[in-house]
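You will see two complexes here that share chain A, one where it goes with chain B and one where it goes with chain C.
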Partner chain A sequence: MGILEKMMQLDRRWIYLAVGLAVIIPAIVGFRVPVAVSPEVKRVYDFVNDIKPGEYLFVAMDYDPTTLAELNPMAEAILKHAFSRNEKIVIVTLAQFGPGMVEQITNGLAKEFNKTRGVDYAFLGYRPYPAITILAMGVDFRVPFPVDYYGVPLDSLPVMRGIKNFYNVKGVIDLTAGNTADMWLVDGNGRYGFPLAIGITGVMAADYYQYLQSGQLFGIIPGIKGAAEYESLVNMPGQGMAQAAYQVVAHSVIIMFIIISNFAFFATRRRRGQVGGAR
Partner chain B sequence: MKREIPLLIVGITGVMMFFQYYVPTGWSTELFVRSQDWIIVIGILSLPLGIWSLLNANVQKLQKVKGERFYSAVLLIGFLVMVLTGLRRENLEAGSVHMTIFSTVLIPIQATIFSLLAFFVASAAYRAFRARSVLATILLLTAFIVMFRFIPLGPISTANLGAVAWILSVPNMAAKRAITMGIGLGATATAIKIILGIERTYMGHD
Partner chain C sequence: MTALQLILDGIAAFLTLCIFSFLYKDNPFYKFAERLVAGVATGYWTMLLYHTNFTDKVLTPIFVNGQYIYIIPALLGVMMWTRFSRNWAWISRYSIAFYIGIASGVTIPVALYTSLFKQLEATIAVPITFSVAGFNTLLIVIAVLSALVYFFFSTAHKGAVGAASRLGIYVIMIGFGAGFGLTVMGRVALLVQRIIFLKGYVLNIASLFGG
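The block that comes next holds the complex of A and B.
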């Protein structure tokens, strides 16, 4: 078997090794990659930046630990931005394993920015049936969430006084790794008309750009790159910037493998004198 | 009657909820709020069934299936520990046993399993992403252009903004909208068939 044939039949374990090293080495070495800000991320930043102190931002953190590597940096960057501007934040999660992560993030950031739970922000908790919960919150946050995550009635939280439903918040940012984005689009933005932006995993990005053009979304934060862009905009480098380096190297390795694979494919075909065609 | 009563309940509820959505009055809002309570009640009633089924299946495996005993034991122990440690609301706050297990066991396990995808994607891309035909070549080139847009490579990422914007908002959007409209029409047709009692498979038989 020649080298070209060997390349065509490359053992997948070599690919696994290369990808593993591509992630581990940048994590050990630690370097930064240049981050150019895209318009869709800038629009989300501008939106949060234009909310006045004391006005409300609604953040839905609808993801499980499976995708926290991509979505936690976004959540942290947005919450840091809003906290630093003294905006009031209402947080929910419509993901089953979301509450534990939201708890960790909000507690940590609240300490960092000297914010008080129930006064500067509220974490309403988790409810199943996302579409129904979104529709119900449009009526009144107290319908699906009579008490917050910690069992405190919403009416007794200073941050929730004078705020009833989506009409009282400036906008909603949904961080999601699943189809809850569709529900926020249809049952949230479609029904109640509030400004909506989403933060999603990189693989989901192409699916949601259509809603930017239609105006249903005012912004998208796509994957780690989006998180890194937001961090650079707020000038608070975090996990997004760090992980962007791993992503560049890992993607470069995958691209390199695709190029090698195609080179081997064409070289083998030429050698065999075969004429290419669809198979 | 075993067939007619469920059909009647589904039909009446479907029509009521349809009008509730499109007629936003005090009455319809009250109806919606009440229906929320009912959904929660029905969900709670189905929970013991699910738990019983899970426990029963794994206890059976623990007793009879030699090769799977270990996994069933892990599941049953994990289930009991998480239920017992999470019974009180105070246990849901950071630092409690329940939350410590959640953040030190569940989060790393889930994140690790999902991250394995990167390896499979790399392997699959190596084998499948070959320019075997004109269509495959177009797909490959498009993927490259879009991929460069979503990798943080500084100015290189934004160099092809126009091309990526066109790909995403013309061919991609056309296909996506066609699929979305198809799904929407299909879902509407199915919903109407269920409300009218034509589609009855949800009852376990035709």
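The block that comes next holds the complex of A and C.
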């Protein structure tokens, strides 16, 4: 058996090991790579940057711990950006395993930026059935969320006084790992027409660029790359920029495997053809 | 770092390694971690739904605030449980019919507007001119039409239709390629995040011993 045939029958665990090492080595060596900013991420940054102090930004953190690797960095970057500009933030989560995680992030950042819950920001909590919740929030935030995550009536929160629904916020940023992006597009932007941007996992990104082209979204933050771009724009390096170096090495290894396996596949197919094997 | 945090991180690190062990082969450690996730998730969601929904939307409105109108949706919810009885399952159809009726009425018009009309409009919104934007529009129009032809099965894919169909499959393949690349990035991100976490944990342990 030649080396090419051996390569075609390579145990997949060797590939896991190679990718694992490709990720572990940057953790030991430690280096950074430059991050080029794409226009769709820059537009989200510009939008948040243009909100005046005291005006409202609505952030939906519709993801759970299974996707925090990609979405936490962008959530942290956006919240840091908004907090640093003294913007008021209304936060919800429409993911069932999201509340505890969102609470952890918001509490940590609020402490870092010296912000007070209920005064500078509100975490409304979780409700099931995202589409219905979005539609109801378009009428009044108090319909699906009569109280916030901590059981405090919304009317008694200083930050919620004077705002009723999406018409009172400058825009919505949905950070999502599932089909809530569709619901924000259809039941949110489609029905109420507020400016909408999404931060999504890499897996989803290719499916949503057409909404950017149609103007239904004003920006997209795609996966960890988008998070790294946003962090570089706000000049607050975090997990996104830290992951960029790992991504470069891991992607290089995966590309190398794709090239080698394709070469081996076509070479062995030709050889099989020469000895009468199936094409 | 507190001792409690170190213990909690230690549990998280152990469970991470349990899950990773599946990459070698299925084993009891992986099975333990997998079942633990399923159990914790079920318990967490059940209590979350009770405290943030059943309490807010049923108990408090009806029994505390006297808003008896909430009895109707609560009753519709209870009717759904009749599906577990062969004799009474028909009752649940009223709840399902109500839900589907509302959802269809609310969603269909706006979904058509958002996902079809706005997308169609965007396909031809920018005129085809001698500019980058115009060239992009031309590309989009050609790509959309050729991809649609690929899925048009009422005519044999021969001649011009065949050529358009072949172009369509290339367009679709490029889309899949973009999707695959982004998926790889996403999956690697999951691994990287765990490796960064494990690295942090090892460094914390090392610092305890003066490392």
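The rule is simple: the second predicted complex is superposed on the first by the 270 of 279 C-alpha atoms of A that agree within 3 Å, B and C clash if a C-alpha of one lies under 4 Å from a C-alpha of the other, contacts with A are read in each partner's own complex, and residues count from 1 in each chain.
Just so it is clear, a contact is a pair of C-beta atoms (placed from the backbone, for glycine too) under 8 Å apart; a residue touches a chain by one contact, two chains touch by 3 or more.
Keep in mind the model is a prediction, meaning the values are calculated, not measured.
Student: In the superposed arrangement, does A:202 touch chain B (first), chain C (second), both or neither?
Tutor: So A:202 meets both chain B and chain C here.
Student: Could you say whether A:242 touches chain B, chain C, both of them, or neither, answering first, second, both or neither?
Tutor: second
Student: Any idea whether chain B or chain C touches more of chain A?
Tutor: Partner touching more chain A residues in the overlay: B.
Student: Once chain A of both complexes is superposed, is A:139 in touch with chain B (first), chain C (second), both, or neither?
Tutor: The answer is first: A:139 touches chain B but not chain C.
Student: Name the contact category of A:10: first (chain B only), second (chain C only), both, or neither.
Tutor: In the superposition, A:10 touches chain B alone.
Student: With the two complexes superposed on chain A, say which partner A:103 touches: chain B (first), chain C (second), both, or neither.
Tutor: A:103 contacts chain B only, not chain C.
Student: After lining up the shared chain so the two structures overlap, which partner does A:215 touch, if you call chain B first and chain C second: first, second, both or neither?
Tutor: Only chain C; A:215 stays clear of chain B.
Student: Is A:25 contacted by the first partner chain B, the second partner chain C, both or neither?
Tutor: After superposing on A, A:25 lies clear of both chain B and chain C.
Student: Pick one for A:33: touches chain B only (first), chain C only (second), both, or neither.
Tutor: The first partner, chain B, only.
Student: Mind working out whether A:225 is in touch with chain B, chain C, both or neither, as first, second, both or neither?
Tutor: The answer is both, since A:225 touches chain B and chain C.
Student: List the residues of chain A that touch chain B in one complex and chain C in the other.
Tutor: In chain A, positions 16, 19-20, 23, 67-69, 97, 99-100, 128, 135, 149, 202, 205-207, 210, 213, 222-225, 247, 250-251, 254 sit in both the chain B and chain C interfaces.
Student: Considering only the defined contacts, which chain C positions touch chain A in the complex?
Tutor: Touching chain A from chain C are residues 23-24, 41, 44-45, 48-49, 52-53, 56, 103, 106-107, 110-111, 113-115, 118-119, 121-122, 125, 140, 175, 178-179, 182-196, 199.
Student: Going by the contact rule at the top, pick out the chain B residues touching chain A in the complex.
Tutor: Against chain A, chain B makes touches at 29, 32-33, 36, 39, 43, 89, 92-94, 99, 102-103, 106-111, 113-115, 118-119, 121-123, 125-127, 129-136, 140, 144, 146-147, 150-155, 157-158, 161, 168-169, 172-173, 176-177.
Student: Along chain A, where are the residues that touch chain C in the complex?
Tutor: 13, 16, 19-20, 23-24, 27, 67-70, 96-97, 99-100, 125-128, 131, 135, 146-147, 149, 185-187, 189-191, 201-207, 210, 213-216, 222-225, 239, 242-243, 246-247, 250-251, 254
Student: In the complex formed with chain B, which residues of chain A make contact?
Tutor: Touching chain B from chain A are residues 10, 12, 15-16, 18-20, 23, 33-36, 38, 64-69, 97, 99-101, 103-104, 107, 128-129, 132, 135-136, 139, 143-144, 149-151, 202, 205-207, 209-210, 212-213, 222-225, 228-229, 244, 247-248, 250-255, 257-258, 260-262, 265-266, 276-279.
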